[in-house]
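Presented below is the structure to which this report refers.
Chains here go by letter, A, B, C and D, matching the order in which they are written, and residues are numbered from 1 within each.
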Amino acid sequence: MAGKLDLDATVVARARALAARAGQPVVDLARSHTTVSVERAVLRLAGVTGADPDGIPWVNRLVDAVRADVGLGHGVAVPVFHAMETTGVEDVTVLAQKAAAGSVRFTVPAAPGRARQRARRATAAGLKRIDRRRAERDRLIKRHGDPKQRPWIYLIVATGDIYEDIPQAQAAARAGADVIAVIRSTGQSLLDYVPEGATREGFAGTYATQENFRLMRAALDETSKEVGRYVRLTNYASGLCMPEIATLAGLERLDMMLNDSMYGILFRDINPIRTFVDQRFSRQIHARAGIVINTGEDNYLTTADAVEAAHTVTVSQLMNEYFAHEAGLADWQLGLGHAFEINPDLPDSFRLELAHALLARELFPDAPLKWMPPTKHMTGDVFRGNLLDGFFNLAGALTGQGILLVGMMTEAVVTPWLSDRDIALQNVRYVLNGAGNLHEDFTPGPFIRGRANQVLSEAIDLLERIVDDGMLNAIADGTFGIMKRPADRGKGLDGVEKQDEDYYNPVVEDL
Amino acid sequence: MAGKLDLDATVVARARALAARAGQPVVDLARSHTTVSVERAVLRLAGVTGADPDGIPWVNRLVDAVRADVGLGHGVAVPVFHAMETTGVEDVTVLAQKAAAGSVRFTVPAAPGRARQRARRATAAGLKRIDRRRAERDRLIKRHGDPKQRPWIYLIVATGDIYEDIPQAQAAARAGADVIAVIRSTGQSLLDYVPEGATREGFAGTYATQENFRLMRAALDETSKEVGRYVRLTNYASGLCMPEIATLAGLERLDMMLNDSMYGILFRDINPIRTFVDQRFSRQIHARAGIVINTGEDNYLTTADAVEAAHTVTVSQLMNEYFAHEAGLADWQLGLGHAFEINPDLPDSFRLELAHALLARELFPDAPLKWMPPTKHMTGDVFRGNLLDGFFNLAGALTGQGILLVGMMTEAVVTPWLSDRDIALQNVRYVLNGAGNLHEDFTPGPFIRGRANQVLSEAIDLLERIVDDGMLNAIADGTFGIMKRPADRGKGLDGVEKQDEDYYNPVVEDL
Amino acid sequence: MIIRPYGDTTGDGMVQLSFTLPIPHDKRAEGAALQLAGKMGMDPAMLVHAKQMGDGYTFFVVYGKVNHLVDTDKVHVVERDFPLLSAKEVNAAIKRRLRRRLNVVGACIGTDAHTVGIDAILNLKGIAGEKGLEYYSELSVTNMGAQVSVPDLVETAREKKADAVLVSQVVTQRDAHLQNTRAMSAAFREALPAGRRPLLIVGGPRFDELMAGELGVDRIFSRGTTPREVASYLVHALAGSPA
Amino acid sequence: MIIRPYGDTTGDGMVQLSFTLPIPHDKRAEGAALQLAGKMGMDPAMLVHAKQMGDGYTFFVVYGKVNHLVDTDKVHVVERDFPLLSAKEVNAAIKRRLRRRLNVVGACIGTDAHTVGIDAILNLKGIAGEKGLEYYSELSVTNMGAQVSVPDLVETAREKKADAVLVSQVVTQRDAHLQNTRAMSAAFREALPAGRRPLLIVGGPRFDELMAGELGVDRIFSRGTTPREVASYLVHALAGSPA
C-alpha cells in the first residue's frame, strides 16, 4: 500500500518532530497533575466496587472523602491504604462505605512506605486481572480467528437498552460485523461518575457500565464461537471518566475504545486540562490491556469543512500519535480517526476523499486507521444515502483503511434500525467482494498526489504555529472543528489538582 | 484512454479479419435478397404516406399488390413507377390506394429505363428530406451544443402513451438527460407494418410511429433550446420493419436508433435471413441520416452468464462493426452495446466488469459505446439496486464509455417511474461529478489485463469456429444468448425474396 | 399472533415510505405528504426528504410509526397444500397412477418475450440448483417459447393432448399479464369441454397467487418458484396425492 | 384540489414502502407483509422483496397503489403568517417600535450537543448564504452553546432580560426533544409571570411545527429554517408587524 503518494520522507519526519514539540507541554501538564477520575481508576484497580443506594459509586464517595481531608495532590492511594492500616479495615469497598458515612478521616503519613507498598499490591492485583483478560483475548483470537478481510467491519448499536442491544449486536455479528460498538447515552460524557449495573434507559445510546460491558462481551463471546471469528467489542473511554472507563474496559476485555480528549473538549465542552490528564492515564491502561484506541478527528469535519480543514485532521492525528506513543501505546493500537465528509456536490469530491484517506494511510502505515462514513451530507434521501455509503466503502478499500465504520442510509433520520444495518452490511459486502482488490489498479495521478501533498504542507504550517503558540491556545482559538475552547473553561476543571512532590500513584509505577 | 490493456495489435487485427470473413456470407445474403420491408421503405422514400381505414399503411397495400402480380425479385420501384406511367396517376399514394382497390395491375417492363429514372427521382426527393434533417441536426447542435460530459446520459421513457411520455421526457432532459429513448410496446417488433399516428395504448412502451417521432422530436427541440444543449432522441429500428423505421427516423430527425438483427433473431424470434437483409438496408439509411446506431449485445447477458459468455459479446461487436462499416456507417455512428451484468456476488465482479468494459473500449476506440446497466441481477431490493447502479456508473466513467444508459433502482419491479429517473440521474451526477476523472488514477493491473486478454482470445477462438461453420449455424446452435434460432425458422421469412438479375432499388443506387 | 413493524425496538411500528405528489414543493406540499402518510396510518409521521422534480412534481420520503396491527393468524396466502416430492417420487407417482407420461405444454403468451422464467421451470437446466421439468422422465414437455398466440397455444395443447398448460407472463404494465391470462383461460373454456380441458397454470414474478379463481386458472406461481414445486403440484392435481 | 400519488401516470396512486416484521421469512410472513400494506390502503400491493435478517426478522419492500385521496385544501401546516423581512427592515422595525435592542438567548438544552443547527441561526456565519442573528445590529444575541441545563437557561434569560429564548433539540430518540422542550417551557412558566416571560421558540430537524401549543412554546421551526425567517418572526411577535 505504501508509497503511492510519493511523500517526501524528510517532510514526514519534520511533521512528526513538530507534533512532538507541540505535544510536549501537554504531556508535561498531564504528568504533573491528577484528577478525581484518575484517582478513582486507581481505587477501582485496588478493588473498590459497587455504588451507594443513590447509584453513586463507592469510588466517588471515597475519593471525595480523601480529597476533603487531604486533597488529591498526594494521590489517594497513600491516604487510603494508610487508613486501611489505621482503621484495620481489610476491604477497600468497606473503607469507602465507612468514609462515606463520615467515620474515617484521611491523613498523609510522614513515612508513606508501607501504605505505598500495600496500595501497590492491591492495584497490581487489578492490573493482573487486566493482564489475564488480555491473555484471554489472545487465546480467543487464536481459537476463533481474526476477520478474513481488511478493513474490519465496524457496526454501531444504539437502542439505549442493553437487552435490545444484545440481540441486535449478535444479529449484526452474524451478518458480518467484525467490531460492535455500543454507543453511549447522550448524557454520559458529562457525568463525573460511572453508572452501575445493567441499564435500559439511554437516549440515543446505552450507558457505559461495567455490567453492560460484561453482558455484551459475554454475548459476543458466544457469537464469536458461533461464527468462528472473534467479534470485537468497542465502547467509549471519553468524557469526564476516561481513566475509569478505560480500566473497566480492561477488566471486561473490551477490544477497542473511542478515546480522545479532543472530542470531549470540542464537542462536550470538557475542560482541556482535565481531559488531557485523564487521557494520559487512560491510554496507559489501554496500552496495558491491549486495547486499540479510536480517535475522533472525523468529528471535526462535521462542524468544519472537510476540504478547508483537512489539514487540521492530519495535525490532530500526528499529535494523537505522539500522545499515544508517549503513553505506551504501540502503532497497532492507534485507530486514528478520519472521515468521508467532503460535500458530495464538489467536483472531484471522491478523488479528494481518496487523497485525504491515502495521506492518512501513508503517514501512519502501521496504524489500523478508523474510517468514518459520511454523516454531515447525508439527508433524508435514503436512496442517495446508500449510494454515498457505497462510495465511502470503496474509498476505504482503495486506500487500505483498517477499520470501516459502516455508514447507514438513515444517518440523517434515526439511530440505525435493524434493517438499516442489514442494508449497510450488504453494501459493504458488495463493495469489498466486488471491488475490494481495486487498489491493485489504483495509481494516484497528479491530482490526488498533489492534493495529499498540499494537505501535508498545510499541516506542517499549522504545526509550526502550534509549536509557537501552544496547543491549548490553538484549541482556544477554534483551530479544530471551529470550536473555541479556552483552557480555563469547560466542565470538570474542578476535578484537577497539581501533583505534590510526594504524589504517588501505584498504578503508574507498574505501567 | 487507449492502451491501458496492452492489447496486441496483431491479435486485434486478426480478430477483425476473422469477423470480416465470418460476416462476408451474411453480407452476400443481404445483397442478394430483398424483403417486403426494404421495398416498403423505398416506397416511403418515394412518397407513399398514410394508412387505410384499418390502419394498414398504404405502402403495405402497395407492396402486397406488386408482389401478388410480379413478386419482389425485381424490386417494387420499377413495377410501381411503370404503373404510374401507364395509369397516368401522379401521386404514389393514390396509386397505392388504387392498387389496394384492385384497380391497378403491375408488370415489369422490358425496358425499365424510364421507370427506373422516375423512381430514382422520387426516392431522391425522399433522401433529400433526410439530408435536410441531418443538416438541421448539425445546425441545432452547433446552436445548442453537445453535452458537456462523456458519457452521454441516456434515459428511457416508457409510459405507453405519447402524451405522458412527452412531459416525462422533457422533465428528464431538464434533469440532465442527454439522450431520450422512447421504448416500444411489447408487440411492435412482430408487426409487419408500422402503425400510424399518435398513440396512447402501448404495453411497457409506446408504439414507434412517424407521428410519435415527430411529436417527441418537436418537444425535445423546445427543451433543447430551454436547456441550451441539443437533446437527442432515440427509438428502435429493430424487429420486422427495420428499413422503414430507419427511414422514418431519418425523416423525423431522430438521432440514435437501436438497430440490431441479432436482437430480433434471438429475443423476438425473427427469421435470421429476413432481418439480416432488412438490417443492411436500414444501416445504409442510418449512415445517410447521420444517425448513431445502438446494437444489442448487452441483451445476451440477460439469458447467458456475463462471465462465461463475455467473449460472445466481443464476437458480436466485431461482427456488428463489420456489418455496419459495410453498410456505410462511420465509427462515430457505432454505439456498440455491452452491459454490466456480472453476478454481483461473484468475487472481483466489479473488476471483471472493468476488464470487459475496457476491452470493448480499446477494441473500438472511436465508437461511442452504449453501456447498459445491471438488469438481470437487480431485485426488488431497491436500496441495493441504486448502489449497483452507482458502481455501473463508475465503471462507465473509469472505462470511458460513450453512452450511459441510466439504470433504475426499480428495474425488477416496474418500468421507470418519474421519481426513479430522478434518483437515477442524481446517482449519475454524483458519480460523474465526484469520480468522473478517476480514470486518471486507474491503471489496470494483471488481473484486469489478464481477464481482458483472455476474453479476446476466447473471442478469436469462437470467430474461427464461426468462419468454419458459418454465422447462421452459430446462431442456430445457441452461440449467442443461449437462444437457438435456425435460419429456416422464425417470423417474417415469408417476406424475403431473392433478387432477380434485374433487381432495381433506386435508393441503394444513391446510398 | 399479533405483531407490529420493527424499526429499532420491539413494537415501535416504524416503517419507511416514499412517493411522488403531482404538485410543486412548498410547505403545503409537505403537509399534503404528511396527510397521505396519516391516512395510511402513520402517526407520528416524519417527513425527512422532499425534492421537487421538474415543475410540478415532488418526491417525498417519510418515516414513522404505523398503528396497524398485523395478525399473522388472519394472513391469506396460498400455502402449499400438497407434499413436495423428489423427482423420483414424481416419476413413480405418475407411472403408478397415470400409467403413461404426463403431457405438459408451456409458453409465454401474448407479446411477452420473457422466456427466462418459463425456461427455468421447463428446461433441463432448471434454476437454483433444481433441474427443470424436462429432466423428469415421466413428463413429456413441449416448450413453445415466447410470443405465442392464444389460438396457437390451444391448438398445440389439443394436438399434444396436454394434461397441463403452463403459461408465463412477466410484463405487467397496464395489467397485460391479467388480460392475457383471462383471454387464455376463456379460450380454453371455449375450445374444450370441462372434462377434457387441461390443468391451467400461470406463473410470473408479479402475480398474486390468490387470484387463480378470478383469472379462471387452476393455480398461480409467483416469484422464486422452483421446478420441483410445479412438478409436485402436477402430480397432486393430476395423479392424486400419493399417500 | 384532490390529488393522488404519481408513479408513472396521472392518478396511478403508486407508492413504495419498506419495513421489518419480527418473524422469519416464509409465505406466511409475506402474507403478513401484504396484510400490513393492505391496512395502509395499498391495493393492489406487490411484495417485491423479502429478506430474512438473523433468526427472527424479515425486511420487506412493497410497491403498490394507495386508494387514499390527498386533499390539498385540508392540509394542516404552519404557514408563515408574517412578512419575510430583510435585515434592514428587521433592524428598522425594532428601532422604531421597541426603541432598544431586542435580547435573544439561545441554547441547545439537555444533554444534546448538536450546536450546528442553533449556530446556523445565531452565529454571524449563518447558513445557506444568510447571515445569522448576530449580524442584525438591533439584536443582542447570547449563544449559550450546548448541553445547557434548564435552570441555567432560565437564569441567563432572566439576567439578560431576554425577549426571546431560542432552544435547539436535535436528538429525538425516545422523544428526548419533546421531553426537554416540555421541561423547559414548564420551568419558564414557573419562574416568571406571564407578562415577563420571554417568547419561547424551539427548533430542530424532527419537530412537528404543529405541536407548539402542546409543548407550551410560542413557535416551532423545523428542517431548513433560515435566520431571516426567525428574525422576521421575532419582529412580528415582539414588535408587531410593520404595516
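The rule is simple: a residue touches a chain if its C-beta (ideal position, glycine included) is under 8 Å from a C-beta of that chain, and two chains touch if they have at least 3 such contacts.
This structure is a prediction, so every number in the text was calculated from the model and none was measured.
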Most distant chain from chain C, judged by the mean position of its C-alpha atoms
A
Starting from the mean Cα coordinates of chain A and chain B, work out the distance between those two points in Å.
60
Just the number, please: Cα centre separation of chain C and chain D in whole Å.
43
With chain centres taken as the means of their Cα atoms, state the distance from chain B to chain D in Å.
52
Which chain C residues reach two or more other chains?
6-7, 10, 14, 16, 18-20, 46-47, 51, 57
Residue list for chain A, restricted to those that touch at least two other chains:
381-383, 412, 414-415, 417-419, 423
Topology of the chain contact graph, where touching chains are joined (line, ring, star, complete, other):
complete
Of all residues in chain D, which touch chain B in the complex?
6-10, 14, 16, 18, 46-49, 51, 61, 63
Can you name the residues of chain B that touch chain C in the complex?
158, 160, 167, 170-171, 174-175, 185-187, 190, 203-204, 267-269, 302-303, 412, 414-415, 417-419, 422-423
Chain A contacts chain B in the complex at 344-351, 354, 381-384, 386-388, 390-391, 394, 409, 423, 426-427, 430-431, 433-435, 437-438, 440-448
Would you pull the chain C residues touching chain B in the complex into a rising list?
18-20, 51, 53-55, 57, 59, 110-113, 115-116, 145-147, 171-174, 176, 205
Please output the residues of chain A touching chain C within their complex, sorted ascending.
159, 161, 164, 379-383, 410, 412-419
